[in-house]
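By letter and in written order, the chains are A, B and C; residue numbering begins at 1 in each of them.
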Amino acid sequence: MAALLQFTINGLIAGSIYALVASGFSLIYSTNRFMHLAHGATVAVGGYILFTLFSLLGWPFFASAFLTLIFTGIFGVGLFRFVYLPLQNKKASNVVLLIASIALLILVANSIQLIFGATVKSIGLITVSKGLNFYGAAITPLQIIIIGVSIVIFVALYVFMKKTKLGRNMRAVADNKELASVVGINQIRVADWSFFLGSVLAGIGGILIGLEQNIFPDMGTMLIIRGFTGAVVGGITSVPGAVVGSYLLGLIENYGIWFLPSGYKDAIAFLVLLIFLVFKPTGLFGLSKGVKQ
Amino acid sequence: MTLGIKAVSKNFGGIHALQKASLDIKKGSITAIIGPNGSGKSTLFHVISNIIKKDGGKIEFEGKDISELADFSIARTGVARTFQEVRLFKNLTIKDHLAIAISVDDECLLKNAISKPDIDEAKIKEALRLVNLDKPLNTYATDLSYGQRKLLDLAVALAKPHSLLMLDEPVAGVNPRLRKEIKAILRTLKKKGETILLIEHDMNFVMDLADDVYVLDEGRVIAQGKPKVIQKNKKVLDAYLGE
Amino acid sequence: MIENYILHILILMSIYSIFAVSYNVALGYAGLLNLGHVAFFGLGAYTSALLTKAGVPFVVAFICAGVIAAVFGYLLVYLTRELKGDYLVLATLGFSFVFTSLMLNWRWLTRGPLGLPGIAKPNIFGLVIKGNLMYFIFVLIIAAICLYIMWRIVSSPFGRLLEATRDDELGLRVLGKNTFNLKAKAMTVSAFFAGLAGSLFAHYISYIDPGTFYIMEIILILSIVIIGGVASFKGSIVGTIILILLPELLRFLSISSSILGPLRQMLYAVVLLGLLMYRPRGIFGRVDLE
């Protein structure tokens, strides 16, 4: 019983991280209609900027975190403006954009490695974490914060998408690009904002991972695979769906290693991804647009 | 040999594209399907060739039920067709197009890799002559004008072994001289005993070419008969004018 | 020493030319969007290495490498038959990740991250291929045969059908051709030769681990196919020469190996991005990457 609870808690923690990655990815996908796999690198960028400002330069934590989010958001918009937009202007297909995003992912990951080295780094805000006992399962205060912050963010995101003008514009573009521009919505500005916000979400993920675990140059690849899988499970065109899907993935992964050796965690994520792509690519909550043409 | 379309229906999430449409196409005839935009004509073609799955009804070709066959299998039973939008292989040449249409055993990997079978150039030249397309065989499809592409499209359908020819708007967007040429080509085909089913908007084109006319409106067959009779049919005029 | 180094480069070029051309057959000629092609290379490598370690003669292991890869090639086409566009691409990517993950975790078979060391040099009916010169002649002959076979396939009427499948699959279906079978055959052939290339690679390098067949390799052959030109045979060969040679030039800049590694990867990523943005048809390409 305690084991089940532990796995559930671990699943929720992992799920929170994946959901932060997946929500940004899904936001960008639904607004721009292509897969920005370099989003994983954005998470890494977030983690490393925080590391630089807080651990290396010694600036105060919350100021560092705030600046990290701003820089990460701008980074995301930069990728859009310098790579994706020029390609879109050349009428590049979604497949080409996807390939470009993979190249970007590798480029950024290796740049990080060149600058910071390949060894794992930790951010060291909270040095030793003692787990609190929760009905027989252990959970640290930081982990509680991770789950809590994530849930708050997702609720805020949901409200933003439903109530604010920008949020509605994004959903309009996601729903029907042509109609949205006819109605006068500036597509490029909406795209800019989708990249900014999506990347900020990635930045939050990077910060939390940096605090809870550690950062390393290739962390983006593993994270985008999880985030993408979560988004596919929930429905890649639905941001709330991506969040739910990610929590589900976190839980499946952690229940899965009850039966399998823990090294199989990666394999579980890939298998879930493959199964959904083959049998239910629209996910649990997504729309059918754009899958089988 | 006939094509029997029996009470065929197709629904697109609330839009009734076809509603129990029935048609009987006779061998050796030219049958035209006309009707206002959105009346279901192209959908009918897609359903016959099973590019779109029908929701109800039965389709028989040469006495056999083809309702459950895959799209390429239906093509193999002898149905050749064109599309409203010209569909060509943009990186292939005229020769490639016709060679593909003519060949029946090119799908076997082993046979093709081991022996290099000769393409029947005579047949290809004949197919081009039929449509009067006088262009070098190694011309790429993308280097042809719109009219020439329409002709190649037609040549490909003709070159493919078939006993039924389905043409979706063969003269759409084509200049008057080419329209006359294509009409002449279709007349020649009919003299040779070909069975042709054609969708067209151009009433004049249809009227002195077709033996039989079916009129579709909102997925239903609202009239059927000889061209002269259809022209005077009140329901037909209403359908066209009322849209 | 310098001859050994030059031979080393030539050997790699020969092996990768088989790998790259096999990729072009599927991607360039048949239009099969597949980012998991490296899995076939890896399957071939692991199959050949494991079989020879178990005492199976090299010639048999070599053929099996191709066959096993081919079987998975068919499996991939079958699993993804309903998918299009970026979903298809991602499924193929996921496929290669599953492969890497299995190689990492199936420790009793593959020794997981420790990899397989000591892969024997090919022993063909008593003749052992050792030394770079012998190995180069060996792979050159095999490459010539493989490339010739693939050339025959793509320039045959069958190859023409593959190109038609790429250009307009529906248009080809209404002409009565079974495009699923065509795609399956194309992928199977493509995977077969990738598997053979993997075997040659394993027996040359003599040590393989799951990390060897990671996402980087896909960037490499994607770049090769694009730089040479999609659906261009000679383009793939030229592309292989260029892209194998390029990072080797970095060696002469006397930088430490901890920088050389990421720099090599960045080079490939930048080349790929540059191609996509400024010259997607590459040098000899006629066809656009869709």
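Observations, loosely collected:
Rule of thumb we're sticking to: a residue touches a chain if its C-beta (ideal position, glycine included) is under 8 Å from a C-beta of that chain, and two chains touch if they have at least 3 such contacts.
Keep in mind that what you see is a predicted model, and the values were worked out from it rather than measured.
Viewed as a network of touching protein chains, the structure reduces to a simple linear path.
Ranking every chain by how far its Cα centroid lies from the centroid of subunit B, the top place goes to A.
By C-beta pair count, the most extensively touching chains are A-C. Chain nearest the geometric middle of the protein is C, using mean C-alpha positions. Per-chain Cα centroids separate subunit A from subunit B by 50 Å.
With each centre defined as the average position of its C-alpha atoms, the distance from subunit B to subunit C rounds to 42 Å. If you average the CA atoms of subunit A and of subunit C, the two centres end up 31 Å from each other.
Partner subunit C is touched in their complex by these residues of subunit B: 49, 51, 70-73, 75-76, 80-81, 83, 87-92, 96, 99-101, 103-104, 106-109, 112-113, 116-117, 119, 156, 160. Contacts from subunit A toward subunit C in the complex involve residues 34-35, 83, 86-87, 90, 92-96, 98-100, 102-104, 106-107, 110-111, 113-114, 117-118, 217, 221, 225, 228, 261, 263-264, 266-267, 270-271, 273-274, 277-278, 281, 290-293. Contact residues on subunit C toward subunit A in their complex (touch as defined above): 33, 35, 79-80, 82-87, 89-91, 94-95, 97-98, 101-102, 104-105, 112, 215-216, 218-219, 222, 258-259, 262-263, 265-266, 268-270, 272-273, 276-277, 280, 289-290.
Touching subunit B in their complex are the following residues of subunit C: 149, 152-153, 156-161, 163-164, 166-168, 170-179, 181-182, 185, 189, 231, 286-287.
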